[in-house]
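Every chain is named by a letter (A, B and C) in the order it is written, and numbering of its residues begins at 1.
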Amino acid sequence: MASFRELRGNESWAAEAWKALCKVREMAPLVQCITNFVSMDIMANTLLAAGASPAMVHAVEEISEFTAIANALCINIGTLSPEWIFSMKTAAVRANELNKPWVLDPVGVGASRFRTERCLELIALRPAVIRGNASEIMAVAGATTAPPKGVDSIHNTPDALEAAKELAKKTHCIVAVSGAVDLVTDGKRVLGVSNGVSLMQRITATGCAVTALIAAFISVNPGRPLESAAFALALFGLAGEIGYEKASGPASLRMYMLDALHGLDEAAVYSRIRIAQI
Amino acid sequence: MASFRELRGNESWAAEAWKALCKVREMAPLVQCITNFVSMDIMANTLLAAGASPAMVHAVEEISEFTAIANALCINIGTLSPEWIFSMKTAAVRANELNKPWVLDPVGVGASRFRTERCLELIALRPAVIRGNASEIMAVAGATTAPPKGVDSIHNTPDALEAAKELAKKTHCIVAVSGAVDLVTDGKRVLGVSNGVSLMQRITATGCAVTALIAAFISVNPGRPLESAAFALALFGLAGEIGYEKASGPASLRMYMLDALHGLDEAAVYSRIRIAQI
Amino acid sequence: MASFRELRGNESWAAEAWKALCKVREMAPLVQCITNFVSMDIMANTLLAAGASPAMVHAVEEISEFTAIANALCINIGTLSPEWIFSMKTAAVRANELNKPWVLDPVGVGASRFRTERCLELIALRPAVIRGNASEIMAVAGATTAPPKGVDSIHNTPDALEAAKELAKKTHCIVAVSGAVDLVTDGKRVLGVSNGVSLMQRITATGCAVTALIAAFISVNPGRPLESAAFALALFGLAGEIGYEKASGPASLRMYMLDALHGLDEAAVYSRIRIAQI
């Protein structure tokens, strides 16, 4: 029951989201991922399904050259270790030097001091976007000191909105909070995305995968990180909705969702994308 | 063609297995996994499908804090290396300090002296449950010195029963042997589980995944490791049976099995669980 | 519109390919894989679907013993690091000592000097087969100095044929170039394989998986590496074709392809294998 104004807004978001997806498919941006071991398969397949080109490259010895040929960088601290953190920092610094966008997924931040500190050091290197669940964003923002329940959120996105805005202002990053409604903010504007189905949470690393997708979208629209993040979240959520129509559980949802992402067409995007300025 | 007595026994096992699954779904235990790279995706998705919350965390720097928030720990030596073994030991010691259950999957033990020695060192740290195939359990028990064929069993579970009982007595662990009939023993009692389909062996890391599931089940029923291990094996096997009805090969079995695990209901569990005291 | 001569040739190739697959299923060769993290799940599942037995083992501490029980070795530099390269070299040397075949997948070679140098060092250890996409083979052969686009090819296989032949002559390895038509050469003879569908490129690590399959096929037919490589490429491509008939996108293709590989029968192999001497 959206008002006329919202519908108009939604239509223009849909047009832009579709255009952004076409651009990803056409340009096939190379996304370098330094990510956790659990997420590698679904992240690579998500990028491929969207038309991007994934490359999991973490050796410090080749970052200088490799980050130079990549179009964007995705850093995810899920299965972090001191060696991998060093690779992440090296790549982030290199991406900054070359003016390439990079995104950060602060998986499980708050679960240990080591994890939180490394995460804050990475944020100090200025990612274009930070995407996490409500608990992760609140932990990064210092809005909660309760240890999280592993990598799953114990907070809802509305709880995290103020924390996300504060964090965005303080860090000059776009902050995206995933949840039933995803929120994306630059500290002033807030976009809400209500695509997706809750069963996606029963598939490991869907959050990680969408962060990589954000990296792909930002790289083809460098001036618009706020909108790009919202588009990636909305299109991935929409793929989940379409996949859900055929799914009989989380594993078939994973499959049909990736198929749907690959097959997304203009009609589906125009009629079903749900983005609104909040 | 089970006798009346067995059927009665089976019904009460089914009731308990169902109750245990409900408890996992309700409590959503956080299971920390230090596991091989091959298994991470299916292990995380198996835990999520069952209602648990997986977290793959191996950095020594955060084990002290992370194991403290976990409800159980799953250690799997598949792609072991000295660094990861150090993490495994650190986590096992920490779990013991905190009185949290941990389970061990001795993948490929016997294939090298290094692997066997590290495995025995881990067993000396007293896991609640050791789960392996017949060849692995026999190698751990010293009942065979023939090198295994990689990670696949060359022995049958009945061959391994005496070895499993001896191992359980000597180590004070529950020992579970996977196979056509799974055997679970504390050295005195033996439970047999005959759920599952042989095609599951053509999916990588199903054994690893069920070990993680055992960790989840033990954490919600800490006093009953023998039964919890049997329940996890039976329910995972049942999910495989249900998945098999739709499958056209190992890859679709993997998908439908995880869907079935997520959707398991009381009727299926009561009518199809096959557990018997042997 | 193949000529009579080609058809006859094709029939005898099909007979041999089928025989080779039967041999893999019967002997279940143990294939040790030191491979990138992204590929581990699909590689292990591909080997299992074909009837082989995968083992991902990389610790230097156990290579001496483990490579001794393996039937073949697959080395893939995708997510390389100095430590893993050391394992790869140690295993390659050990395989050579024991006269066991090993294959090399030079993922992303050319993307950094570090990667290229390590790759050339591995080639100096004389793999039985090198399999890559056109860009990778051209980079290895020194036929291009343009940096690749990550791990995806920017060249076509016909472009790479001369480079492949030169490389095969210089290194005394079989060189296989994957593409719309796969080319396999020993420097003199060239076999072309035209099975497969292009959507397979939208699934991560299909190239890695087929390299592991080549290792399995070579190990059961040690005297015929050229033909074995062609059979593995053709059968994997055929599985992709059969899977494609049911697929609705890349993720379902991945599933149905592995199911089809597991279920491949004589009729399909005889009627649909497309191998020709070029």
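Convention: contacts are C-beta pairs under 8 Å (C-beta built on N, C-alpha and C of every residue); 3 or more make two chains touch, one makes a residue touch a chain.
Because the structure is a prediction, the values reported are computed rather than measured.
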| item | value |
| --- | --- |
| Cα superposition angle of subunit A on its copy subunit C, in degrees to the nearest 5 | 120 |
| Interface residue identity across copies subunit B, subunit C - same or different by half | different |
| Distance between chain centroids, defined by C-alpha means - subunit B, subunit C (Å) | 33 |
| For subunit A, residues that touch 2 or more chains besides their own | 37, 41, 254-255 |
| Residue ranges of subunit B in contact with subunit A within the complex | 28, 30, 32, 37, 40-41, 44-45, 48-49, 53-59, 61-62, 64-66, 69-70, 254-263 |
| Sites on subunit A touched by subunit B in the complex | 36-38, 41-42, 78-82, 108, 111-115, 147-152, 201-205, 247-252, 254-255 |
